[in-house]
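Pasting the structures in now, so scroll down.
What follows is a pair of complexes built around chain A, which joins chain B in one and chain C in the other.
Moving on to the complex of A and B:
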């Protein structure tokens, strides 16, 4: 290490950090959404979700269900197309929606690790914190999109098949259609937030493995397992804290005076799940050796 | 190509001799990584001077890739320190890596996207990349690796060589100060291998430091200014190529009818292992530290009639095998 030059430069190499350009995170997010929504598999899954309200709507149109049979709100559809939204969400929540959330969330990081693109993303560099942020945002967007597909197709099909009218609530009171639509927005928001808990769980699982299929299956398994525990009478004392227990609680919004406190409590529970799973995912990702 | 590199490529070339004052393109001290009880990388002190083309050599499983992954912050080191472009890693990863292009253990892209779309995905992920020039830079990178015609095809349909080229294109999306290329000629045909060699020369001429790992020693010998040889997790040799090669045993061979006189001269000069071969009418010895011209002068003074005087230095392959051992076994 002989040197005749002054080594003053040793502490500070003569280059300056390139600044982050404005809109960098937005571009990263847009790229992520293009990637996820560009996949045929994900498009097909959204298509399946769109079919759910269509099938129910057509089936109801062709027959007259007796009162009390079938899922929640089914008997009200014929009288008011708006109820197709609620019925479709009720039908999609136990399996179809968790399926879509599980696939997208499970694939988010494990998929990149499996194809090896994760190492190139990190080398770009996308720092691990940014990576988790954009993946979380992407998964959240897809979750919202999935619920919106069910709700909007339900609304459209309901309007076409049965028409939209003033809404007769569960308690028997009738409110205006505008009020009903407002409540529907509330229902969609509640369901989206409820599913965020599972989505965050899937994101965490996705940081654990390079096998995307395993991560997807595990995420869907979480929802199934939670529902299973929910069905065990002996576990009733803890049932209220289960991930899926309050998913159908959106029915509360269809009462004359919804219990806002309960809705808030349930949503906070779902957000608590989000916080726990995101923390775990962050801790895992920060220390993860990327060897794939 | 320097014109395409505005503010970002302002790093002056390092002193080519290798004794870089201040900071180097890559410098590690005591870099160590264990996997369970297996020490994959063991106290490695890499020194890649600015402006060098550094051939990073070693048999499969010798720890090259683990080292490269640690340099880029993909896996954590158990011990030791890393500096890339004079900044500590992984602490300054976000500042350093935009100036570093990398091909890590083969290309990896999304199969359902086209080559150009894959590059676009990487470019939008770079917070320092200007979106206004994105399209142009992607086009240039694809042209530089000869992939323009296949830019719109799905990655799924690429041949191994095309995948490798796309990986190189990704490393060239921005002007870089350092390129880390892990086995860049894997899967390329001889023509492609030549092109990569030219590419590395071009980039080095622009002032980019290149760290290229390879098992193709002849390849490396043609482009490298410096080499480092790894085996079983340790860095056995490192330095300018000429110096490392000079470490090898040079053999002096004197062809002459005056065998005895020649043997005496070599012995007197202190050359080791003097051996006379009457059949070939030559005398061989290890040259050691003695200068060839001194040997020639002494032989002349002693009246030895010369038919030939040659010095054979081992090539990189010979040296490599003598350091890392023969055979195909993966070193554990």
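Moving on to the complex of A and C:
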């Protein structure tokens, strides 16, 4: 291999030898984010996410639920608006958040290929690896943004409708509001990392096809299928390795003594999915014939 | 030429995901392999181990416990909430809990569910329970002279029974002179080297084939208890063991409990003159233990409400109620008694409203009900 390298360098197309201008990657990323966030579809989806905590908050305000009713934490919202964040995340995690992640990630490469802009992107001085990195960063940012929208709207609505108070943990112990807010930050970070696994899966699926809709549907399908497998009792032994199994594991942060080891293990599992899917996406993009 | 170079480059590109998967596989497999295997330990006799188990000087520990029951019962309604403290929850499926013990007066058991938790906190003369899903608190005040609960009849519904410590305590109490005691291959539980002590009831009346207790090799704490049925010896019908353990003293704050805002509190004061009501059900006579050893039977008379719940389905409840399920499980005996048979515990409901239960063959229960 080494002897043929000079030949390869000499024969390499200009985008292989072009120097990386400082800030080029940042500009590429900024362009990507402008594109993604400028889409009406994506703005509408973020709007739907913002509505989730609002609807729950208003509903609880109008009729106080009894203990044990509805989704987890629902009965606690009336006493402490902070729980609106957790309820909204619990409600949004099975479908709404995967929907947003699926649409953004599925569209990332396949959308460009479908509209014929992928080869123009590759014609500018940027390698396929760097293009994938920008796309991955863009999808990751949107994933984080989606979770933040749910959490921040939940926090604001909760604060306005019910006020924020000391937090009763799952263990029955009460901690200060500051401690509770710190735990909420931890919950948001955990959920974002958990969704990264699905986002990376979507990015890989997106490199497989030129049909963006198919890639989006497949990505959401991954989340639904994983949740289905999780519900089959016979698959209990492998359930712990499923993509979606530990998504609600953020509850660990709401115990008096969170099991740091478990949280780390689950997050590493999600990051392992990221590593596998990203390397698959990279290999696929490297070997793909980009014709459109 | 370019074709082969190109296909070579393609091949190299695809090794990246393979390498990634391989690295993750190794990272998962190596710790698993390290914790497997049988540790070489100094030889000991079952009798010495039994004595050491009974006189262990470990008074405080904390760790995570996993309990699995395969009694052959269908999933009962409400068991989805894996953090419930009800016995209905603990007799089916697998449950995880955090246990902290600091002497006989201070224990805390937290049953963990997804976004839910149930806690039992015993601190001195107070026993608190809290369920996050219903936000219900019960507060039991124990007699001041017996804050460790000593001398009271064991409560079959006590969730502590589902921990290795509680289960081992009950099983060791059942040992009779005819019980076979032997050793099995050394094992490793929760990262600790352990001896495996085997108890064989050798009693035709018992439904227990054998019991295997994994005992910490240096501290002599029961780390895991496995109960194998007399009929199907392959899988344990009941298993509870530590998945992690620490012998450090838990912080004192672990055992503090203050009623959270918005919780409903039920108080049962047993501090005065009510020592004969260990299970806390007011107006219910305490259970009586008949016989001893492996074939001991618990007799109790449930309140009228509880009996109705065990009787034929009245159709008052819709859906898959526990009543209907229990009704399907109960078999009516020739004399009108009803029998609930599981892989480990059998329960006999006599026609006059008494209940006999134990890890014994149905004939033992019938004998017990006939002689009472």
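As a convention for this text, the second predicted complex is superposed on the first by the 273 of 292 C-alpha atoms of A that agree within 3 Å, B and C clash if a C-alpha of one lies under 4 Å from a C-alpha of the other, contacts with A are read in each partner's own complex, and residues count from 1 in each chain.
Going forward, a residue touches a chain if its C-beta (ideal position, glycine included) is under 8 Å from a C-beta of that chain, and two chains touch if they have at least 3 such contacts.
The structure presented is a predicted model; accordingly, all values stated were derived computationally and were not measured.
Asks: Quick check on the superposed pair: does A:90 touch chain B, chain C, both, or neither? Answer first, second, both or neither.
Replies: The second partner, chain C, only.
Asks: Return first, second, both or neither, reflecting whether A:287 touches chain B, chain C, both chains, or no partner chain.
Replies: Both partners, chain B and chain C.
Asks: Of the two partner chains, chain B (first) and chain C (second), which one does A:63 touch, if any: first, second, both, or neither?
Replies: Neither partner.
Asks: Could you tell me if A:171 is touching chain B, chain C, both of them or neither one (first, second, both, neither)?
Replies: The answer is second: A:171 touches chain C but not chain B.
Asks: Classify the contacts of A:79 with the two partner chains as first (chain B alone), second (chain C alone), both, or neither.
Replies: Once the two structures are laid over each other on A, A:79 reaches chain C alone.
Asks: Please indicate which partner A:24 is in contact with in the superposed arrangement: first for chain B, second for chain C, both, or neither.
Replies: first
Asks: Examine A:257 and indicate which partner it touches, taking first as chain B and second as chain C; both and neither are also allowed.
Replies: second
Asks: Count the residues of chain A touched by chain B and by chain C, then name the partner with the higher count.
Replies: B
Asks: Between chain B and chain C, whom does A:276 touch in the aligned arrangement: first, second, both, or neither?
Replies: Once the two structures are laid over each other on A, A:276 reaches chain C alone.
Asks: Of all the chain A residues, which ones make contact with chain B and with chain C?
Replies: Touching chain B in the first complex and chain C in the second, residues 287 of chain A appear in both lists.
Asks: List the residues on chain A that touch chain B in their complex, please.
Replies: 1-3, 5, 7-10, 12-15, 17-21, 23-25, 27-28, 30-31, 34-35, 38-40, 115-117, 119-127, 130, 287, 289-291
Asks: Report the residues of chain B in contact with chain A in the complex, numbered from low to high.
Replies: 8, 10-12, 19, 21-23, 69, 72-76, 85-87, 93-95, 97-100, 102, 104-106, 108-113, 120-122, 124-131, 170, 177
Asks: List the residues on chain A that touch chain C in their complex, please.
Replies: Against chain C, the touching part of chain A is residues 67-68, 72-73, 75-76, 79, 86, 90, 165-166, 168, 170-174, 236, 248-249, 251, 254-257, 259, 261, 272, 275-276, 279-280, 282-283, 286-287.
Asks: Give the list of chain C residues in touch with chain A in this complex.
Replies: Interface residues on chain C, with respect to chain A: 9-10, 13-14, 16-17, 19-21, 24, 64, 94, 98, 110, 112, 114-117, 119, 121, 128, 130, 132-137, 244, 254, 256-258, 260-264.
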